[in-house]
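Below, each structure is written out as structure tokens.
Both complexes below contain chain A, partnered by chain B and then by chain C.
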Partner chain A sequence: MRRTLTVDDIDDLAIGAWIIGTGGGGNPYLNHLNVRNLMDDGRTFELISADELADDAQVAVLSTMGAPVVMQERLQDSRDVARAVEIMADHLGSSFDALMSTEIGGSNAFQPLMAAAHLDLPVVDADAMGRAYPEAQMTSFAIAGLQPWPLSLVDPRGVEAVITRVPTWKWMERASRVLTVETGSMAATCKAPRTGAEVKQWGVTGSMSFAIELGATVRRAQRHHEPPVEAVTKVAGGKVLFRGKIVDVERRTTGGFLRGRARLDGLEAWSGGGVELEFQNEWLVARLDGEVIATVPHLICLLDDESGEAVGTETARYGQRVALIAMTAPELFRSEAGLRYVGPRAMGYDFDPVDPLAPEAKA
Partner chain B sequence: MSRRIGVDVGGTNTDAAVVEGGRVVGAVKVPTSDDVLTGIVQALAGVPNDGVGAVVIGTTHFTNAVVQRRGLIRVGFLRIGLPSGRSLPPLVGWPPDLAEAVRGESIMVTGGVEYDGRPFEAFDEAAVIEAARRFGDAGLDAIVVAGSFSPVDPAQEERAAELVAEYLPGARITLSHRLGRLGLLERENAAGLNACLLHLAGTTIAAFGAALADAGFGPETRLFLTQNDGTLLALDEAIRHPVLTFASGPTNSMRGAALLSGVSDGLVVDVGGTTADFGALVAGYPRQANAAVDVGGVRTLFQFPDLLSIGLGGGSRIRALDGGGIRLGPDSVGRRLSTDALSFGGTEATLSDAAITAGRLVVGGAVAATVGQLMAAMARADGNGPDTFDPDAVLDEAARLIAVSADRLKLTAADVPLVAVGGGAFAVPERLSGIAEVIRPEHAGTANAVGAALAEISGQVDQVFHGMGRDQALARAEELATDRAVAAGAAAATVTTIEVEDLPLAYLAGDARRVRVRVVGRLQ
Partner chain C sequence: MRRTLTVDDIDDLAIGAWIIGTGGGGNPYLNHLNVRNLMDDGRTFELISADELADDAQVAVLSTMGAPVVMQERLQDSRDVARAVEIMADHLGSSFDALMSTEIGGSNAFQPLMAAAHLDLPVVDADAMGRAYPEAQMTSFAIAGLQPWPLSLVDPRGVEAVITRVPTWKWMERASRVLTVETGSMAATCKAPRTGAEVKQWGVTGSMSFAIELGATVRRAQRHHEPPVEAVTKVAGGKVLFRGKIVDVERRTTGGFLRGRARLDGLEAWSGGGVELEFQNEWLVARLDGEVIATVPHLICLLDDESGEAVGTETARYGQRVALIAMTAPELFRSEAGLRYVGPRAMGYDFDPVDPLAPEAKA
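So, the complex of A and B:
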């Protein structure tokens, strides 16, 4: 399937990508504005499904690494994202057939669109996370054991780097993080390229159209004054775990991550109950009255109960009326190999994952 | 000369309050005129003009000008931040009609700063001079200068202003770091809104002065405006930074509520005809928002009170819902309450009508509608009427909406006092969960004018200090801010610090840190 994205699709993507950012991934506002501006200038964007890719097609995998505050001051130029792809093509001595995002959750959902505007390439309806995760190696491609190198990195002042070889995905995260910090905590990167066959087998396919559909669902519910949260869970095959009011948020910044917890007091059917959410950039674990009811890798999303839009870990505050919803993670992330990268134990917890949508779940 | 007059120009009414020795000794309410000035002159005509030390005007004139795209001038934007940011140029994301009204030239040059104060790229002064030439050729004299991370180190913005002023001696230059915080686009937007109002600011403020003279005030009476943080804005500063008056209305109402009630920490709700505006008080001043605020459709981040506005007021319409129940607001009869509402001989069922019928509100000249009349009026909208109706249920719904909104503005679960002001304050019940006490101060109807009359003088410092420890830097900043407040007319003995913030600049040598301090004191 191949289609040209509309302005509505782009606006929907901003809302949907923020929802499956599961609290993190960065607010898409600026990147959304960037793509809207490119559309106003007459650029068009082609979205293709992964099965359109030839097995030997070359796909560039994009994300920008860095601190949100730097992104708000530097205002990334879409040409710099495209430049990361060009450097990678030069390094490989070949050209690309399509672009995709590493991370569909949050602002990186827009990165392949920003590059596509300058490279005249289609964007693949897929990513490597299906949500947002705190670290760059937490991808389906890493779980699959695909080759982690090379990586290209661009700072607009003419600092252009290629990391040609690393022993592991974790080393790629460490090496690229150092370069990013040194160039002022923001850099456009093109990750290890993938073949069409690899994207079809290991990518989280359909994730961009899913994010667009979620956003469209929220906006439709808003227009028709229908409850947006129920509309979202229906479309997403998700589940409302809790409704309540945020009564406390604790945040601290350690090791470049935003960590902390939020407490919710129950309303309606959950009146009298309490939920505690722990986060590291993204929501990681939910406990209801002390009992773990949802964990990574499953998607834990906090939505404004009235608007249906996402409440991020950076912006959650006392008094907000929210609905806690969950969606099951794709199978690869639930596998033994997957959990080594993105399960609760990979994030420092000593318990097994909990999928609230599994038949035996209590929530 | 202890007597002061506060004037608040609202969307519906212009209020004036006379304050002497901290007490309200007189108040006047007149309809706001289309030209704003006539209403001010009328209000001032109704109060004594002798022995008045200061007249303080709170106005939403400049906010309205942006909302109505009226009296705006074209702006030259100079952005310092290349080689980044090219694909998000100035004015991106503005409503198209406003952008077209304001767009002059937008020029981006190389430079800017990193988060730790290092230069991002060498600052291109030659390109700034070239930009000034293009602004001049285009006949632009309202110029915005916005550089990346300028709140961390404003030196490049200041240097750019010098260069532009050399080439265009009459230019009126707005520097983004003077208005906004981190977030380049939001800060540049605030500066752009400011710049497009500079012509209107000059003429309006001159007209305010003339209105004062017309009303018989002598040279002993000083004129001030109020700014978003609830303090006085000197006229020369108002002429340079009219955007600082944008939130005067709700701010003055909150300050007045604090002063009239004696509550310094708690919540305020101002229930008008159409909306209920909620805010929080910290040390007697409105708590500042720390998230982006939309002004006239433009995303900004600058000095602005943390506000929550809902569509609930004395004029809110009551509608019957299919399947029973009612909807209250968000639509309202607004200014037409006294003609269109049932109790005043009209045909619309409003919150005020339900309160009058329920015996909870008494208004001179109003006649309580029967329950049957209310039901008929509610049904008219969709032709489908309720079978039974209890006017108290409408007041319960209003109370629920107020309780939820008040709670949203709290930062912790502890009970706090709520000060209720405005003509629709009858809708605030005596008891609300999470609220320790509901306080209805005297003169609550003119809280906004009282807030203006009693506004204090502030002094602010926001600069980088080198070669001294943190304590010394903070002390030096407080001293400078106090000097500025005193120079602006504050009584030295009354100056207190209300805000301190410091940010170490790790990269810069010599223990550099950026310190922001705000102090306030009583007008001498």
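So, the complex of A and C:
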């Protein structure tokens, strides 16, 4: 499958990617406008399925690292994203055949498009998270044990670096994170390149077209005045956990991350009490009246109850009417190896994962 | 001039480099033993004068970055130093003709020797500071406006990186410093390579043989029971500013640096009151009864009054009998361009430099 993305696709992607960003990955708003602008300038974007890749194809894997709050104020130049790919190609002494995103969630879904505008390369319909996760080692490629290096990094003011070797995936996260924080908490990165065979075996394939479909579903429901939250859970196989309004948000930008918690109170029509959501860029854990009802690696999404669009950890504010929904994570991330990277314990919690959609779940 | 260094040269270098380290650059003790060990294993070290370099010779410029206190406890493997040079050569796609030290002061004087043991390259009799300074942009090469990138970095646990571009020398310091701190406050770095022509024009030439001569002078005085401090000031053109004992040391390791202050009280035979020394890895400012009597870029050295050997910012302790001496910095570092990098204002002080050896100086 190979197709040229339309303006509608791009608009749908902005909505869908923000939903499966699970609160993080950055608000796509600015990058969405950026890509719309590039389209107005005549750039076109080819989406190819992972199947189209030759086994020895070289794929550049892109994401912008940093704190979502910073990205709200510091605009990204698409040439910086392309520059990260060029630095990597220089370092390797070879060229790339395609581009893909590390994380389909949020703003990072647009990274390969921003680079493609300058590099004339197709974008692979895949990512390495199937959502957004806070840290760079929380990918299917890391879970698979693939090589974590090299990584190239570009900051808007012109600091450029290549991390050429690391002992572990976590060390790649640490080394690239401190450079990102020091240069202002926003840097375009090109992660360890992958072959076509690696993307086909270990990538979360079809995730970009899924995000586009999800966004199209929301827009269709909006147009037809149907309940958009239910449209989302239907197409995504998700479940509504709670409806209410945001009554408190604590947020701090620390160590290159946005951390904090949000509290939701139930509305009168809803019998439940209060929900607390904890986040590190993304929503990690949901508690209902103190009991854990959903955790990573499963997708915890907060949606505006009227529009069905995502409420992000950096945009959540007092008074918003929201629906809390959950979706089950892909199997690789639920495996024993996967949980070591993306389970609650990998994020500092002392409990097992909770999937509210699993048959044994109480919620 | 080209000569093979003897064991005596190496022993002299350890003493001389520690003196002109002005309290910093790291205690050479461990690296000295390391190089002695490499000599016992049959390695030889060629010292060549900068004049020997062809104009287009490629020179690798080496230093270990970090906090001296950490280096007292975390031993350095000479292969890591050589590895920084190899990574740089890989990055450039070319090879090196010689090695030199960024800073002749302290432990860093031994860096090119440690790499040379594995790379079979001569060591240039030059550095880029003529002493030790706390930050990586405080070099003759930066003052000359030469290109600050690339820089390669190796940490003992195997994080390897190349910083391929920076907007300023200060940004190279910041980017390499955060990587150093994150990986444990000790990393071998290979700075921006220099041509033979650049080293001849902008290097502090002859600094390694000067450090060796200074150390030989101290050892000779020790053998002949002559006052070693006066022997140092005579050969180095220095001046004794104060004699006394250390009565207080405040030290903290922060941001990858060792910072703090030391207080000296005069001994009875000495009419003066108290001296306060402030340091950031190196002694930066000396005050006598509150009045500034010496500052960077001039060399402020604290010597054990009995042995004539250096007392470092990380080894200074209560009760030591010391002599405070000063030497005038080379002209380049005293120039207007030089002071922007290494003057008191560059280190956060709001006053002009004070050279106690200048005719107009009061002290």
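Please note the rule applied: the second predicted complex is superposed on the first by the 341 of 363 C-alpha atoms of A that agree within 3 Å, B and C clash if a C-alpha of one lies under 4 Å from a C-alpha of the other, contacts with A are read in each partner's own complex, and residues count from 1 in each chain.
The working rule: contacts are C-beta pairs under 8 Å (C-beta built on N, C-alpha and C of every residue); 3 or more make two chains touch, one makes a residue touch a chain.
Note that the structure is predicted; figures quoted are calculated from it, not measured.
A.B. asks: Thinking of the overlay built on chain A, is A:87 touched by chain B (first), by chain C (second), by both, or by neither?
C.D. replies: second
A.B. asks: Just chain B (first), just chain C (second), both, or neither: which does A:159 touch?
C.D. replies: Once the two structures are laid over each other on A, A:159 reaches chain C alone.
A.B. asks: When both complexes are superposed, which of chain B and chain C contacts more residues belonging to chain A?
C.D. replies: More residues of chain A are touched by B.
A.B. asks: If we overlay the two complexes on their shared chain A, which of chain B and chain C does A:182 touch? Say first, second, both or neither.
C.D. replies: second
A.B. asks: Looking at the overlay, does A:235 come into contact with chain B only (first), chain C only (second), both, or neither?
C.D. replies: Neither partner.
A.B. asks: Tell me the contact category for A:357 with respect to chain B and chain C: first, second, both or neither.
C.D. replies: The answer is neither, since A:357 touches no partner chain.
A.B. asks: Given the touch rule stated above, what does A:171 touch, chain B (first), chain C (second), both, or neither?
C.D. replies: After superposing on A, A:171 lies in contact with chain C but is clear of chain B.
A.B. asks: Once the complexes are superposed, what residues of chain A are shared between the chain B interface and the chain C interface?
C.D. replies: In chain A, residues 157-158 are touched by chain B and also by chain C.
A.B. asks: For the complex, which residues does chain A have touching chain B?
C.D. replies: 30, 33-34, 36-38, 67, 69-70, 72-80, 114, 156-158, 184-185, 245, 247-248, 315, 317-321
A.B. asks: For a test of understanding, state which residues of chain B touch chain A in their complex under the given definition.
C.D. replies: 81, 83-88, 92-93, 112, 114-115, 118, 120-121, 148-149, 182-186, 291, 404, 407-413
A.B. asks: In their shared complex, at which residues does chain C touch chain A?
C.D. replies: Result: residues 87, 91, 157-167, 171, 174-175, 178-179, 181-183 of chain C touch chain A.
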